[in-house]
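Lettered A, B, C, D, E, F and G in written order, each chain numbered from 1.
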Amino acid sequence: MEYVYAALILNETGEEINEDNVTAVLEAAGVDVEESRVKALVAALEDVDIEEAIETAAAAPAAAPAGGS
Amino acid sequence: MEYVYAALILNETGEEINEDNVTAVLEAAGVDVEESRVKALVAALEDVDIEEAIETAAAAPAAAPAGGS
Amino acid sequence: MEYVYAALILNETGEEINEDNVTAVLEAAGVDVEESRVKALVAALEDVDIEEAIETAAAAPAAAPAGGS
Amino acid sequence: MEYVYAALILNETGEEINEDNVTAVLEAAGVDVEESRVKALVAALEDVDIEEAIETAAAAPAAAPAGGS
Amino acid sequence: MEYVYAALILNETGEEINEDNVTAVLEAAGVDVEESRVKALVAALEDVDIEEAIETAAAAPAAAPAGGS
Amino acid sequence: MEYVYAALILNETGEEINEDNVTAVLEAAGVDVEESRVKALVAALEDVDIEEAIETAAAAPAAAPAGGS
Amino acid sequence: MSESESVRKTETIPQWKQDEVDELVDFVENFASVGVVGVTGIPSRQLQNMRRELHGSATVRMSRNTLLVRALEEVDSGYEDLVDHIDGQVALVGTNDNPFGLYKQLEASKTPAPINAGEIAPNDIVIPEGDTGVDPGPFVGELQQVGAQARIMDGSIKVTEDSTVLEAGEEVSVDLANVLSELGIEPKEVGLDLRAVYSEGTLFDPEDLDIDVDEYRADIQSAVSAATNLSVNAVFPTTQTAPTLIAKATGEAKALGLAAAIEDPEFMPDLVAKADAQLRALAAQIDDEEALPEELRG
């Protein structure tokens, strides 16, 4: 999950989510970064509207417990 | 938000969630780090079982795609 | 589905679920039996605990959104 | 249940659910057929909308085990 | 389940779900392919709207983590 | 998704989920395989208990219909 | 053939009796299903009504029991099994409907009737909760006497809860008969009581004939569910279950993708949502607002 968190930090700070930036964040956290996962992450996020994805999540938790129980 | 994500990355990689590490992650992401917030966060997380907190969330996003799609 | 019902009858009566028996049941019902499907059925059931499989609800993800919405 | 399974095979293949056909299917499965049960089945199914019963069952597979046992 | 997974890979890549293709995928994975099961799968899928079936699942996994916890 | 299905097939057949095997399966399905995605997949799955992850999916949907009916 | 039977057969009987037996034999042979019904306690007018109601689908034929027995034995070929049920006030009923339909029809034609003192309750007798509509008076005591929870409320006598005043098999007392009559409760079901039917080679008891259609419907649903479950769990795809299997496989792939945080475009929105949810869940555990960004402060 750390790769996703790294992308989200960058999203939060308005920095571009590219391989260099993601790698830098992860390395600062002591992660033994795998280039392929960074690549895959950046590619996978290309077409994702992060804000929208977060909003659907924000809406969800309320409903979630219902489903869970 | 980025401060909490930084803590989550460190938690995931097994690094200690201390001021230096949090600051390093945030700086790598280009954040203009506020020392007092880092301090407050590190102090606040001392008594929190992060794994447990995360797991309660695991159920939630779950519901999200369902409602979303 | 008739192939599955045939297996269920044999299971109920304690007869072996083999190609001959399944074929016999289906033919008695006027089915134009496809040998390959009979074989596939027998093969699929080989390592299955039929009682358990019958009682375990088939995961029907379709129903899930109920919880989500 | 084997009597009901036999009826469902016939239903599936479009054959008439009558005494002869049900008996034939059961005998092919090695069942020591009770004529009165076959007659009761055939008579009872005259008043059952089989397709409807199948569809309601198919819609709620999860509920099955409860009913099945 | 590997037979179903194989069909879904083909569906994803837009290749036809026929016996040859399913067999090829499974063999590449080192599966000792049973021809009859391939045939049964292909036959069963003939009249199925795969996209629709996938979409019912798209809603589901959602619920998954909930159930897991 | 096809990359994940490939991993699931290998898991099912007990073959190792490594780059070569995943690539072979995908190529057999006519996929124009991206090495980095394969690498990322293999890396992501390294420490994951696949059976357990799958079971959370299986557990969830089952519960849903119960509530629904 | 028992000895007494053969004796009886050789015995000469009056011509009118033989004619009656011949008619009964015709009756038995002319219907696909022939049953024995008890007619005890049915007032003759009610019996007439029932016969009329059944007209066209079933025919009731009464005669002396000895002649019924003789006729059934004469037809033989299975019908003699009905002889055991010729006892007391009975009649033959014939139909070309199937025996299940006959049973259903006879049940439907039963009507409620009052029960008299000295009779045996065929089932539990219950005085239902509610307003009796009877003005306050000694009747409340009579109700209480027979075991009903009764009292005076709002200017009339009310039964405060369903009260079983007699259990099946017990004898009805004079007091109870009076109370039931006053309340208009008719606890008996009077009608042709089917004891057995012989139909196309099979002898049916009433229990065989009492079909619960709902039960069959439920059985079908269980059967369908069993087949669906088996098909899916054993991964034997059929046209009906292939969609479920596909959905299951897809669900498994997604569950794995999310659990392993696989960087695949399919999973990204869910993974982002998951990360966000985790963030919020963690933030919720943090007491110090200073440690949180504004949007996460509780």
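As a convention for this text, a residue touches a chain if its C-beta (ideal position, glycine included) is under 8 Å from a C-beta of that chain, and two chains touch if they have at least 3 such contacts.
Everything numeric here is computed off the predicted structure, so don't read it as measured data.
As a test of understanding: of all chains, whose mean C-alpha position lies farthest from that of chain F?
Taking each chain's C-alpha mean as its centre, the farthest from chain F is G.
Quick check: more C-beta contact pairs at F-G or at E-G?
Contact tally favours E-G.
Copy of A-B's interface among A-F, C-E or E-F, judged by over half the contact pairs being the same?
Matching more than half of the contact pairs of A-B: E-F.
Hey, how far is the Cα centre of chain A from the one of chain E, in Å?
Computed from C-alpha means, the inter-chain centre distance equals 29 Å.
Roughly how many whole angstrom separate the Cα centroids of chain D and chain G?
20
Using the average of all C-alpha atoms in each chain as its centre, how far is it in Å between chain A and chain G?
Averaging C-alpha atoms per chain gives centres 62 Å apart.
Touching at least two other chains at once: which residues of chain A meet that condition?
1, 5, 8, 37, 40-41, 43, 56-57, 60-61, 63-64, 66-68
Which chain G residues reach two or more other chains?
Correct list: 223, 226-229, 232, 235-236, 238-241, 243-244, 247-255, 259, 261, 263-264, 269-270, 273-280.
Help me check something: in the complex, which residues belonging to chain A touch chain G?
It is residues 1, 3-5, 7-8, 37, 40-41, 43-48, 50, 52-54, 56-58, 60-61 of chain A that touch chain G.
What residues of chain E sit close enough to touch chain C in their complex?
34-37, 39-41, 43, 56-57, 59-63, 66
Can you tell me which positions in chain G touch chain E when the two form their complex?
235-239, 241-255, 258-259, 270
Any idea which chain B residues touch chain A in the complex?
The contact residues of chain B facing chain A are 1-2, 5-6, 8-10, 12-13, 15, 21, 24-31, 57, 59-68.
For the complex, give me every residue of chain F touching chain A.
Touching chain A: residues 35-41, 43-44, 64 of chain F.
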